[in-house]
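Structure provided below as C-alpha cells; questions to follow.
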Amino acid sequence: MIVVLRPNLAQADIDLVIEEVAKLGYEPRPIIGKVQTVIAAIGDERTHNSLDSLTTLPQVENVLRVQKRYKLASKEARPTPTIVEAHGVRIGAGEKFCMMAGPCSVESEEQLMTTAKAVKERGAVFLRGGAFKPRTSPYEFQGLGKPGLELLAKARKEFDLGIVTEVLAEKDVELVAEYADILQIGARNAQNYALITASAKTGRPILLKRGLSMRMEEWLLAAEYVLAAGNPNVILCERGIRTFETYTRNTLDLGAVAIVKNESHLPIVVDPSQGCGRADMVVELCKAAAALNADGLLVEVHPNPAEAWSDGQQQVDLIRYSQLVEALKPFIAAVGRPPTGAVATVSPTRQAITAQALG
Amino acid sequence: MIVVLRPNLAQADIDLVIEEVAKLGYEPRPIIGKVQTVIAAIGDERTHNSLDSLTTLPQVENVLRVQKRYKLASKEARPTPTIVEAHGVRIGAGEKFCMMAGPCSVESEEQLMTTAKAVKERGAVFLRGGAFKPRTSPYEFQGLGKPGLELLAKARKEFDLGIVTEVLAEKDVELVAEYADILQIGARNAQNYALITASAKTGRPILLKRGLSMRMEEWLLAAEYVLAAGNPNVILCERGIRTFETYTRNTLDLGAVAIVKNESHLPIVVDPSQGCGRADMVVELCKAAAALNADGLLVEVHPNPAEAWSDGQQQVDLIRYSQLVEALKPFIAAVGRPPTGAVATVSPTRQAITAQALG
Amino acid sequence: MIVVLRPNLAQADIDLVIEEVAKLGYEPRPIIGKVQTVIAAIGDERTHNSLDSLTTLPQVENVLRVQKRYKLASKEARPTPTIVEAHGVRIGAGEKFCMMAGPCSVESEEQLMTTAKAVKERGAVFLRGGAFKPRTSPYEFQGLGKPGLELLAKARKEFDLGIVTEVLAEKDVELVAEYADILQIGARNAQNYALITASAKTGRPILLKRGLSMRMEEWLLAAEYVLAAGNPNVILCERGIRTFETYTRNTLDLGAVAIVKNESHLPIVVDPSQGCGRADMVVELCKAAAALNADGLLVEVHPNPAEAWSDGQQQVDLIRYSQLVEALKPFIAAVGRPPTGAVATVSPTRQAITAQALG
Amino acid sequence: MIVVLRPNLAQADIDLVIEEVAKLGYEPRPIIGKVQTVIAAIGDERTHNSLDSLTTLPQVENVLRVQKRYKLASKEARPTPTIVEAHGVRIGAGEKFCMMAGPCSVESEEQLMTTAKAVKERGAVFLRGGAFKPRTSPYEFQGLGKPGLELLAKARKEFDLGIVTEVLAEKDVELVAEYADILQIGARNAQNYALITASAKTGRPILLKRGLSMRMEEWLLAAEYVLAAGNPNVILCERGIRTFETYTRNTLDLGAVAIVKNESHLPIVVDPSQGCGRADMVVELCKAAAALNADGLLVEVHPNPAEAWSDGQQQVDLIRYSQLVEALKPFIAAVGRPPTGAVATVSPTRQAITAQALG
C-alpha cells in the first residue's frame, strides 16, 4: 500500500506514521517527493489488515491500494480457464455456447412443460425457472416453493435439461441443491455471504449474479467466497447494474464480460432479461453478449408473457425465442464456438400474430 | 394503473388490450387523448398482479403505476408516528434524540469496555458493535462471533446500555436475538427477505439499513416485509448510497430523512460513519441529521481508530466523540428535542494530541 | 398527463384540481379508482406547459407523463432511417459500417499523418482528432487550436478522409465548420444548447455525444434541438455513462444502440475508447457494437499511446487497430453490412513486441 | 504518481517502464514489494503529463495519482477563507448567512416584483431569476431573454437586491454581466470551459453550480478554471447530483458542504430547490444546509407555483418562504452566524389555505 502524507509535515510527524505502518505489520519505505512524501508499505495486502485506517491520523491524506484484493479468482492464480461441468455440460471459455432458458417463475405444470419442450427443441441445455422468488414487495407472488422444484425435476427428467434455480434462504439450501444442477445466487443476495458460503458447501456449481451496485472487484470477491470455501465451480452472471437510466429497468454492463475475461479464469454468462427488463431489447443484447464471447446466456422465456405471474415485461414468448436462437448463430460462429443446437418451429400466439400485423 | 397505448391503433387492437386488462382482474376504462389513448385500469394494484407485463403486447407503449406499493409502512395506514421501545428507551418522532454509538467491530474486552464507558458517559443509550461482520473480502476479519456477543452482554450489564448488533445469517438469528435489544439488518442484506423475515419473527425491534442502491420505495417495501410479518418495530437507518463520487465511500442521502418523515410513520436514524466512510466528516453530517429531525444517530467510535480491525478510517476516537456530542446540542435543541445526556471528559490519545498540534 | 390525487379527498378539493388542469389548457377527465382518483388531462403535452407544477398543490400526489417528449427525433415522425451524408459517405441503417478513427488530440504533423495513413489503409473513412480539447484540469493540454485544424485539413487532402472534430466554443463554430465534415459536440457539452444550436445552424452534420449522466430521453431531446433548428443531420454517439464502477473510466451503455434503433430514425455510432477508457477493452467492445448493428465506430488510435499528450490509456496503437479491423469483419458480415475496406500491415512498435513476448 | 507493475516481470521489462517514466519527465524510484513492484514517479503531477498513458504498456497494471489536481482552489494555496463581495454583501465563512431567493424564471413584471418584495422583506439579499433558461426540451419556455434582464434590473433598483442570474451562451456573457451582480453557471454548463472562462473574464463573481455527475475533484477543477483566469471570486453551489433515486429529481449531496469546507477556501451555497425538485422537501433541506455551515442558500420562490412557467413543482410559495426563513433561524444561530433579516407577514393564497385545511 501507499500511504500519502499531507504536504509540509515535520519529521516527527513522518516518523509517527512510519512507526504506525511498521506496527501494523508492513515494512515502511518513505519516498520524499517534490510536493508530497509517501510511504510505500511493503507486505502482502491480502494477509494484513488494510492501512485505510491510517487516514484517521491527521498526518495522512490518503491511502492507495496496490494489489488486487481477490486471489483465487484471478488469472495469476489460475492462468487457464475454469470449465464448470453440470448435467454433463461443460461451461467456460472455448466450450459450446451455453443456452439457459425458461420462465421467470415456475407457475404451473403446463407453463413449465410447454416452455421446457420449446427451449429444448431450440438447443437449450439448461432450464431456468424460479421456485423461490425474491420480490420487492411482500404482496407479490413469492414462488411455488417445493412444488415448483418438483415441477422442475419433472421437466428435467422429461426433456433431459439441467436445472438452474435460485436459492433464497440458508434453510432451503439443502432442499434446492437436491433439485438443482446449478444453484443460482440472485443479485439481491450477491453480498449475502452466509447464503453464498452455505451454497458453496453443497458442492453444486454456483451461478453468481452481479449485485445491482457491485463493482467488478466486489463481484470477484464474492466469487472468492465460493472459491475459498473449496468450491471451484463458479459461473459469473452479468445481469445489469443500477444507474440513473429509467428507460430500462437496469443497465446491462456488457463490458463486464470483457473485464472478467481480462481478470479472471471463471466462466461468465449474461442475463439480458433482467439486464434490461424489456422483452423488446433481449434479442439485440444477446447478440452483443455472444460477440463479446460470453460463455452463455440466461434468457427468460414464457408461453404467454402478458399473463406471467412475475416480470412478464422482460420475458420473450416462444416465437421470439426461436428468432433469438436463429439470430444468434452467426455471432456464435464468429467467435469460433460450436453451434448450440437445432431449431424447431412453433405455432404463434394471438399477440404474436397481432405483432406481425402491426409490423 | 394506466396502460399507455401506442399512437394510431385500430379499434381491434385497443379492444384486445381492454380485454387483457379485464382478464387480469382490473376494470378497464379507456380514455381517448389528443395524441394517444390510455386505458385506466381500476383496481387495487397491491392485491392484483402488476400490469407491467402488458408492455410485451405490441399495442402497449408503457404502463404507469398510480398507487404506492407499500401499505403498512405508509402514513395513510398509520397517521401517528411509530415509537419503537427497546431497553426502556423510546425511539421515534418527538422522543429524545437517540444516540447509538460504539465500535465497528467488537475486538476485545478492553476495546469494548473503554468505548462503552466513554459513550455512556456522554449520553449514548445504545452500544453498537459487530460480532458478525459482512466483509467484502473473505480474507478480512469476520467478527468474533459468539464471544463478541458475550462481550456486548457484559458491556450491557456494566453500563446499562441497550445493544444494537447485526445479524448476518438466518442460522444465527436466534442467537443474536438473545443478546441484542435491536437486531440490525445491514445494507448488504437489505433485500435478503429470508433474513429480514426470520429476524422480524423474533419480535425484536429491527434496525433496517438502506441498501447501497435502494430507492426509497424499495426500502419502505423491505420494511413492509417486517411489518407484514407482524412486527411493528422497525427503525429505518440511512447509511449512504452508492454513487459515482470517490471522495467518500458512500454518499449520505440526508434527504432520505425528509422523505421518510413525509411518507411513513416509522422512526429513522442516520449512520454517518458508513454514510461517508471518513472520520473527518462525521461530526458535520451528524449536525445535518439532527437538523433534519432524524430520530437518532448510529456513530462508530473506537479508542484507537488507526489500529481498528475493520473500517478504522470512519471511526471517531473518544475525544472527537465528545466534541460531537457537545456540537450536536444546539441542533437537537433547535428541533425541539430533549437533550441526550451529560458529557464527561477523557484524556486525549497520542494522535489526537498531534492533531491539535497540527491545527 | 395523469394527475394522481391523494386518497380520500373531498369533492371540493377534486374540483379545485380539475379547475386548475383546465386553466392550464388541458381537458380534465376525472377517473374514480378503487383507492385513488386520477385526472386524465387531455391535450398535447408537447405544446402545453407540463402539469408537474400541480404537485405543489396539497391535493396532488403525483403527475405522470403519457407522451414522449421528443417529436422530430421519433420514429413516429419519420418511420424510415435518416441517412447522414458527409464527405461523400452515407452513414445510417443499412449503409456500410462507418469507421472513424484517429488520435484523441492532434499533436504534430508526424503523429497525425502516420495515424491517418494507417487508418486509411485499414478502411477508415473518417479521421477523428481534437484540435480543441475539453480538459478536466486547466493545466492539461488544451489542444493545438487552429494549427491543429490545419493539420487535419492537410490529412484530409492527402488521404481523402472526412474529418470529425470537436467544437468547444460558440466563438469557434464557424472556424471549426470550415475544416470539419462532421462537427462533434462532446459529452460535457451535450446539454450546452447554445453551442448545439449554433453548430446546427452551420448546416454541417452533427455528431452528438451522450452526456455522462444523460437519460436516453434527454439525449434524444438534445438531438431534437438540432432537428428543430432545421438541421436533419444528426449522428448520435454512445460514449459511456458515469456509474459507480471504477475499473473503467465510464460504463459503455451498449443497450443504448438497441434503444435508439427502437425509438428513433437517427444513426448511432459507438465510441468505445471514451466508453471504457482502457485500450485493452476497445477491441471487444467494438465487436459488441457491431453485433448490435451500430452504424459505425469512433475509435482513438495513436502511433505511440504511452507518450500521447492526452488520454493515452484509451488509445490503441496501429497494430492493435489492424487487429481490430480484422476482428470486426465477421460481426459486420453477421449484421449484413458491406465490409469497411482492406487491411494492410504495419511494423510493430517496441511495446507491442514486448506485449507479444509477454503473451 | 505510482506506477504499479504487473507481477513477475523480468528486469528488462521493469527497466523499460523506468525508462519511459524518465522520458515523460518524472524521476523514477522503483520499490520492490512482496508481491508487486511499483515505481514511484517523483515530480509535480500538475506540471507534467499524467502517466495514466503508461497503462497501455503490457508491463503496467495501474497508475495511482498522489497529488490533488487542483491548486488555486485548495486550502494549501490559501489557508484563509475567500470572501466574495457582490452588491455590497460579503459571502463566505464567518459572514452572515446569505439568502438568495426568487423565481425559477422571470415571467412578468408582476410576478417578479411581487416575489422580490416578499423575499426582500424576509431578509434575502439577492434576487435569483432566470432570463435565459436551459431546458431539456426545445419546446419548453426558454426564458424572456433581454426583457427578463431588464425586469431584474428594475427589481434590483426598487428593492436594493443584488441579482444572481444564469448565463447560457458565450455571446450573451457581456450582456448578462451588465445586469448581474453574480453570474451563474448552471449545472449543464459546469464543464463548458469556454463559457466558464468567458464569464470569469468579466470580473463578476461566478456562482458555479455542480454538474449532475461531477465528482468533487472535477467541480473544484472547474472552479480552478475561473481562478486560473484571474478571477478569485467563485461561489460553489451544490444543487443535487444524479443518482438512481426517482422519488426526487436529484439527490442533494449535503456532504459536499463538508467536503468543500475541508478541501477549499471557497464559499459554498446550497440550492435545495434544484437539489430535490420537490417543494415539500425544501424547508427541511435548507435546515440541514444551515447546520452544515453552508454560506447561504439559493431558493426558488414563486407567488403561484402551480402556474409557474417552469419547474413549478420545486418552487415554494410566499407563505412557505416565510415559514422557511423563520424555521432557519435557530440553525443559523447554532452555527454562530448573524441572522439574515426580519420577517414580515403575507396573506395566504387559495392553495395554501386548502393546504392548511387538509393538514
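Order of writing sets the chain letters: A, B, C and D. Residues in each chain are counted from 1.
Heads up, the rule we're going with is that a residue touches a chain if its C-beta (ideal position, glycine included) is under 8 Å from a C-beta of that chain, and two chains touch if they have at least 3 such contacts.
This structure is a prediction, so every number in the text was calculated from the model and none was measured.
Trainee: Is the C-beta contact count larger for C-D or for B-C?
Mentor: Spelling it out, more C-beta pairs touch across C-D than across the other pair.
Trainee: Can you name the chain that lies farthest from chain C, using the mean of each chain's Cα atoms as its centre?
Mentor: B
Trainee: Express in whole angstrom the distance between the two chain centres, defined as the mean CA positions of chain C and chain D.
Mentor: 26
Trainee: Taking each chain's centre as its mean C-alpha position, how far apart are chain B and chain C in Å?
Mentor: 38
Trainee: Find every residue in chain A that makes contact with two or more other chains and list them.
Mentor: 213, 242-244, 246
Trainee: With touch defined as at the start, can you tell me which chain A residues reach chain D in the complex?
Mentor: Of all residues in chain A, those touching chain D are 2, 4, 7, 29, 31-36, 38, 40, 42-45, 62, 64, 66-67, 76, 242-244, 246.
Trainee: Note which residues of chain D are touching chain C in the complex, please.
Mentor: It is residues 13, 16, 20, 23-24, 46-47, 49-50, 52-59, 63, 69-71, 134-141, 168-172, 188-189, 191-195, 212-213, 218, 221, 224-225, 228, 242, 278-279, 305-309, 311-313, 315, 317, 350-351, 354-355, 358 of chain D that touch chain C.
Trainee: Quick check: in the complex, which residue numbers of chain C touch chain A?
Mentor: Against chain A, the touching part of chain C is residues 213, 215-217, 241, 243-248, 251-255, 257-259, 261-262, 275-276, 280-281, 284-285, 287-293, 330-331, 333-334.
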